[in-house]
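Just below sit the structures, each encoded as structure tokens.
Below, chain A partners chain B and then partners chain C, in two separate complexes.
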Partner chain A sequence: MFIFLKKIFYFFYREFKVNISGFHDILTNITFFFISIFIFIFSIGPQDKILSVMGVSILWTLLLLSSTLSLTKFYRDDFDTGNLIILHLNGFSFEFIAILKTISHFIYVQVPFIISIPIACVLINIPMEKVYSLLISFAIGSFILSCLGSISSSMNLLNKRNYLLGSVIVMILSIPVIIFSVGIINTEENFISLINVLFGILLIIFAINPWATGACLKIALQNN
Partner chain B sequence: MKFLLNPNSFQNITNLLFKPILIVSLVLLILGLIFSFYLSPNDYQQGSTVRIMYIHVPSAWMSLMTYMIMVIYSIVALAFRIPFGFIINTAVAPIGAVFTLICIITGSLWGKPMWGTWWVWDARLTSVAILFIIYLIIIFINNSFENRAVREKIVAIFILIGSVNLPIIKFSVDWWNTLHQPASISKLSKPNIDPSMMTPLIIMTLALMLVGISIAILRINTEITNRKNSL
Partner chain C sequence: MLLTKNISLFRADKIIFENINLSIGSGKILGLKGKNGSGKTSLIKTILCILEPTSGSIFWKGKNIEKNLYDFYNNVTYIADKTSSLKQLTINENIKIWKNIFLSKINNDQIEKILQTLKLDSYKNKKTNILSLGETKKLELLRLIIENKKIWILDEPFTNLDSEAIDVIKQTFEDHCKKEGSIIFSSHQNVQINTTEDLLL
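Our next item is the complex of A and B:
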């Protein structure tokens, strides 16, 4: 038991080292997010009324787009260097690898977005009460996005022709997330019930994720 | 029923049945078009535009039915390791995409005179558009992998994930307030549609189903022959 926990700790330690050495990738993601906000404001025009109405939906759309940008790297590096096989030989099943990688993707890719949300809200003039609900909804929704990203990127491991397919799959599956999480922010009365619906979606997808990802990883490793 | 699971007996039976099915489908299609354009009455509110229904509704049913067939066959193929399901998934997906496209186009042609717009962001319309995009993604996955054994399993997994959309399409008119009307015809209750309009609808449904089946037979046989040659 202790050895197992130690293995998990070293997995996260290695992920930490890899992500710190490639920190510019994460910074590039966040820069993309802010530049797209600027471009949106240039194209709409800087009227405060329109921005405060449309701001939340714009923010969510841009967060979705910019967090799907780095999905091709989700399993690709570990797959090419053979780390997936080493992890499997160390006693992790593919399903457990999927859970661990999803959590580390959430920590190292989505949490920087959560940190940068308040700054973006200042830019778009979103009132302070909405920022809290935006943070809660993105904290749940980004975990759903990580699970979907894990499924789609493991599907596309052997896909050498069509690189955009993974992002398209994530975006088509994330439509309910967008509907409910923007609905949370725009209504005051149904807050708790909509949070429950979003949390239910999270639990369903978190339950599906390891099985689908594990099957895809097995197929990819067998046929490589 | 062995021919539904075994490529060889499927080829044997469909070689016998293909020409009769094609002839019957053409006869039914011509008969149904004559019925729907000349022999059925005008609607008292919609006038002559109600005739769009005789293509719109059967193609919508066919798009859902094609996806349902793909779901059943991918479960069979993944769970019982029967590769014939993968052949059907590859062959049938473009047919479903075309039926969905016909449904969307005729629907927007019908919506312009009746509702006043080509497109509304309504629950039924949006979910059918998502179904069309899911069909497109299935076709893209089919074309973008080099290894066949990988590609067919991933298509089956994606079909199973995308089947979440089917109940949403079916019940979207009941769960939300939509501009699209709820279903007029259901199994459990007496249909609230006149027999003079019901007859061409049923004939067109059968005709489109048989046309779809005959195209599917051609495509499945081509796929089987391709796989036999590549072995």
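Our next item is the complex of A and C:
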């Protein structure tokens, strides 16, 4: 058990080192997010009421777009360098790799967004009482986006010509996530039930992710 | 230990290889020789069960390999024709990650000695993206010692290496065979290795 945990710990250490050395990528994502917010603010104009009504939807749309920017590197580097095979030969099944990579994507890509949400809320004039529910909805929703990102980027490995296909799939599949996430923030009565629905979606996608991703990785390595 | 019986691989109606029979036991070296595109890498990937043979079977310790896959994987180190070291990290960081993910028992003094033999010791705190192709290959081959497994499967291990490094690798192969290990390697180069058996593809 200790050996197993040690392997997992060093897998995350490896991901940490890779992500820290590629910190500019994380910074680029966050910069894209904030610049897009400013573009919305300038295009709508100094109308606080419109901004605070549309703010949550704008934030969610931008969070979705920003997190899709990081999808190209999800599995690509490990696939190209042969590390996927080496990890597989050393006791990491493709399904297990999918779970670990999804968690590390959440930690290193989505958590910086969660941290920057309060600042974004101030910029878009979202009332402070909504920030709390926005953080909860994004914490759950972003993990769903990481799972969807894992599936779509493993599908991208099967397709050598069109790297954007995966991002398109993520966007289509994330529509229900956005509907419920924005619903959570704008509702006053059904808060808990909508959180439960969003959490249910997370559990379903989290269960599907390893099998779907594992199968795609296996086929991609066979076709390589 | 490892046996293939009439394995064939067809891809998109093209015959990659056909009716290959191999057996490799303790202390043996098998060389897969052939030109570029002759199917050496595909054969290696088939042996590793990454590609599924169109026909034929592979056996590990007398059992069909599919039923015994993780035991086989516990005994095999694969060196691909690609670089698996992470370019963003230093040699030492790469080694630290390999040691811990592969649960290696090798100690730092042993690693230091090997780095000196491979003339990589002066770069150990430098990122691997500054290494030449040959030095990157040497670092890759270091994984054989770190993983410390019985079967070594290597795809084009001599590419980009100078004669001095090739001699070190030859010596390492011989030492591994003396310890009852087995080696399968592919090469399109004319490197003189005392193989037990050669297969021309």
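Note that the second predicted complex is superposed on the first by the 223 of 224 C-alpha atoms of A that agree within 3 Å, B and C clash if a C-alpha of one lies under 4 Å from a C-alpha of the other, contacts with A are read in each partner's own complex, and residues count from 1 in each chain.
Note that a contact is a pair of C-beta atoms (placed from the backbone, for glycine too) under 8 Å apart; a residue touches a chain by one contact, two chains touch by 3 or more.
Nothing here was measured: the structure is a model prediction, and the numbers come from that model.
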*Name the contact category of A:86: first (chain B only), second (chain C only), both, or neither.*
second
*Just chain B (first), just chain C (second), both, or neither: which does A:14 touch?*
second
*Counting only touches as set out at the top, which of chain B and chain C does A:169 meet: first, second, both, neither?*
first
*Compare chain B and chain C by how many residues of chain A each one touches, and report the one with more.*
C
*Would you check which partner chain A:6 touches, where first means chain B only, second means chain C only, and both and neither mean what they say?*
second
*asked:* On the A-aligned overlay, A:212 touches which partner chain: chain B = first, chain C = second, or both, or neither?
replied: first
*Can you pull the chain A residues that chain B and chain C both touch?*
none
*Residue ranges of chain A in contact with chain B within the complex*: 151, 155, 158-162, 165, 168-169, 172-173, 175, 208, 212, 215-216, 219-220, 223
*asked:* Which stretch or stretches of chain C touch chain A in the complex?
replied: 48, 50-52, 70, 73-74, 76-78, 80, 82-84, 86, 88-89, 93, 97, 100-103, 147
*Provide the residue numbers of chain B that touch chain A in the complex, in ascending order.*
130, 133-134, 137, 140-141, 143-147, 149-150, 153-154, 157-158, 161-162
*What part of chain A is in contact with chain C in the complex they form?*
3, 6-7, 9-11, 13-14, 17-18, 21-22, 80-83, 85-91, 221-222
